[in-house]
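Okay, so chain A shows up in both of these, paired with chain B first and chain C after.
Coming up: the complex of A and B.
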């Protein structure tokens, strides 16, 4: 068969074009994050600029203000940031031990069939959309909070409360942390375990003192991921958070307001200060997420080296 | 002494093990209570009518056909709930609407009832066309006349409950006009919108995602730019979906304006979802590319095929399972997504959505009536069941594909 020079040339050209196409698509995919941050930032800072058409907002008042009332044009997100941090870290505090123990159960302790079943349970929980968690929280968790509040003789706003948000978030980040912990625990070197067992430690002691400690870096990564999810969770949280106008909220049975619920509350018009300020809140949310992510990764490196 | 220590150690081990069992049990408890909650609240609302019918009810004004006007039915047959008028052959019950408002719902209409033989009284092309009261319809207002010629009103308009409405009706001798509404609370429009959303987002996300994955796995060397590209894509996964909503409205809304969108629209929601799906599609394609043995590529290249030919004709066909996994995961994500779509699609439930109109996906529909004054848990749970069922099926298929795929190159 003869080599068709024309065809070879064409194929080469196609090859080059394909390569350029793939590169262009990859560049497009990765540029979305830049575009996203840039555009939200541009819209989000507009209310603080001097020539803003709906009346400039003071940046300091916005960042450190402790009241957020549309009707009085008071937009302070200081307490909302604190609320968000409180609810997310409290949720992590509840969820982390339960997730790690569940992961340990699945990987090391449970009999094989039970382990498979439990893994399926975790995967199912992970695949439930947040709106369904929201319906569940609004229907069940609020009732639980109401019942609990009646034990302490406290009244709640129909169960919408900080506690409901914390419990909801704890439930929602449970599968995230658990699946990360499963990977981390599964990756622990068998030799380490054998060494521990050979030294006379029982299997349970090995699991708790050797396996968990060796997997701490991966577990920590799971915690960071879970925290990120807790910060950014919007619809479900909005359904049980209530709409507190000032704060911060420290009482478990009081209503609260998180960054995400602020962005969703009373969303009607698509122009005006009340709408634009949501982009500013969005920037704060991004800063909280990526800031805490970065900080915790620093901590993780410290912990990992210990 | 040693025995004592051993016993103590054993007790501690048992305690620690018990802790893990309790933790796992909590996980099961949570899943169980979610399922029990949505099933107990929503299962009875789950029927075929729900899928077929509109969310918004239609209003009808009707008169009764002359020949059926004054007959005394004395029809005793009705096992339906609520209060039954033997005179008029209709049963009414007090129920709550999808929006949580009180309504008078028709639970039974006798075939000989005047209410089964109505004439449309609204001017227009359907004027004087026959109408029939169906179960599930709600009665707003009934104008009647008693035997001595007094005119009266009955129904929801007087804030009557079902019992008084029936009692009032029994006093009437002719029915002048009936104002009623068809049954609403259906999800047809939202189902269509969800379908549009899936199609739009995947059509855009798939080519971009697959091409990006190919570049990253097949072409990209370990250069700085390539690692930046990778990092950019990975950062996308950490962005919460509500922020994607903000991006959609600022970045992508002008794009939809080019094709004629004036408000937030399903198209905008689809474009936004396409960006959200990118990392998922890229990752599952990459994982599939990773499994394709290098020997296959080498064989193709040594036969004289160019790299792009190798990719399109050898590598990609081997990855079809991985891409399918990405598609299924993507569909699941689109069905479940709510926060990003609140900003980009609006929360107006639209019974006849088009690509450039506002509309709600199933998840958004739940949000739309759960964030109102009277949250409707029944309908929300019913839709939740549908969403959960779809997501569950998708996950099972993904699992099966994964199992088959694992064996492919062994």
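Coming up: the complex of A and C.
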């Protein structure tokens, strides 16, 4: 007999056990996330509650304030949000086209060996810890900024500046976006390319008008991931941002302050309100990240639904 | 009756492996020529020689001569891009670009540098009408082509090829992914199109070949066994192997 009733029963039991196991794992990991978010939110909301032990902070002043200094008990993150948006989007603006062109080169244009080598390099870059990027930025990028500023007769705070942050972030998100773009471009159906070439399009026309267009939703996902990394990068950014107390910073050579560098600066030496408020800043950071993702996904749907 | 393609002693190799062996064939203008034969006999390989799509396959080598409209297409002087604007192609699987219907049709002309909106509008309308798709899509030209049915997508691909105003349209099993109704629409279309174009079609369906083609070539193991008027090939084949194949005794 082909169908063994005993065996079918056993397989069903195994199936059920496996399902339970996966469910348990999923519950466990999602409960971690819930606990994490709850903890941050409870901590972060506490400074705004009426009975807060170190003196209640006004939520409006916090969200829209344009000065952040501990010594005067002024905690306004409005300008910091703007700074963060500026530096991250500027980094994306620089990195995205370079990443996409690099990915296109690696997948479609470079000879096999070079393409393999370059892809390995991109993967390597993605795995370098941010502190290493930070050291590089503090040692090299700041010198570059100083030199550039001197051409305009501007003095900088030792090269720490908005520009240094932007360049650093652009470099750091490059491997993220590039590897996503490589995957997206590699996944484009060869049939589409052949169709294009059979219509008398050149290789270059095909690459730009068909391959990139077809890969755009994957590339967009890479951009969102890269932007997330830029928003969330703390260590390296703190090393070149400076510590601007008010703002927002629009001048490339001026020092700046991002949400992450605000959370990180002096974290170990502080207590009380100055400690708790960092969780509030963390919530703002999460909102900024989710908000940007949501916005970009809207855009993605608008342009990417073909 | 003039030949558009004159193929002389064509050999083709994929690396070491020979896939076409001494193919000789004249393909006539404004006729439908069908290629039949068992799987792996070289039909696709041969049709891809006619617009040099084989150039894209690594390790593919061609010997012999193909004259298209009096020009040796494998000569070093031939511009492949230019050749492909004259010899269009429709593939087995419908492959519209992920863009609007309009942009799909306008793609080829735009790649040739045509920007004039009015001209493009005309081309899109004319091509879609010729491909018998206009009535179904004229009110949603700017919606995604991916939303069309398989049969509509294939007619869109034909319209896209027509938009280039080619002299020849090559079709490699254009209906094998389609249902019978969509298939018969494409067959009607082919019949209509041969007034203006030279058509070469690969098919696995004997009925299709006999219904729509004027000439039929029977391929076997990389060789052309028989090439003649379709009526002759089907009613009065001169080679035993052709007869065996069309009567379904092998393949």
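Assume the second predicted complex is superposed on the first by the 278 of 306 C-alpha atoms of A that agree within 3 Å, B and C clash if a C-alpha of one lies under 4 Å from a C-alpha of the other, contacts with A are read in each partner's own complex, and residues count from 1 in each chain.
The rule is short, and it goes like this: contacts are C-beta pairs under 8 Å (C-beta built on N, C-alpha and C of every residue); 3 or more make two chains touch, one makes a residue touch a chain.
Bear in mind that the values here come from a model prediction, so they are computed numbers and not experimental data.
Legend: residue contacts after superposition of the two complexes on their common chain; A:205 is shown touching both chain B and chain C. By the document's definition of touching, neither partner reaches A:276: not chain B, not chain C. Taking chain A as the reference chain, the count of touched residues is higher for B when chain B and chain C are set side by side. Contacts of A:214 after superposition on the shared chain: chain C is touched, whereas chain B is not. Of the two partner chains placed around the shared chain by superposition, chain C is the only one that A:189 touches, whereas chain B remains out of contact. By the touch criterion defined above, A:43 lies against chain B but remains apart from chain C after alignment on the C-alpha atoms of chain A. When the two structures are aligned on the shared chain, A:254 is found in touch with neither chain B nor chain C. Chain A uses residues 202, 205 to touch chain B in one structure and chain C in the other. Those residues of chain A whose C-beta lies close enough to touch chain C in the complex are 189, 191-192, 194-202, 205, 209-210, 213-214, 305-306.
Those residues of chain B that touch chain A in the shared complex are 9-10, 12-13, 16-17, 19-24, 26-28, 30-31, 33-34, 37-38, 41, 207-209, 211-212, 214-216, 218-220, 228-233, 235-236, 238-244, 246-247, 249-251, 263-264, 275, 278, 282, 306-309, 311-312, 332, 335-339, 342-343, 347, 363, 366-367, 370-371, 375, 377, 380-381, 384, 387-388, 391-392, 395. The residues of chain C lying in touch with chain A in their complex are 51, 53, 56, 81-82, 84-85, 88-89, 91, 93, 95, 97-100, 107-108, 111-112, 144-146, 157, 160-161, 164.
Of all the residues in chain A, the ones that touch chain B in their complex are 11-12, 14-15, 18-19, 21-23, 25-36, 39-40, 42-43, 97-99, 101-102, 104-106, 109-110, 118, 121-125, 127-136, 138-140, 171, 174, 178, 202-205, 207-208, 228-229, 231-235, 238-239, 260, 263-264, 267, 270, 278-279, 282, 285-286, 289-290, 293.
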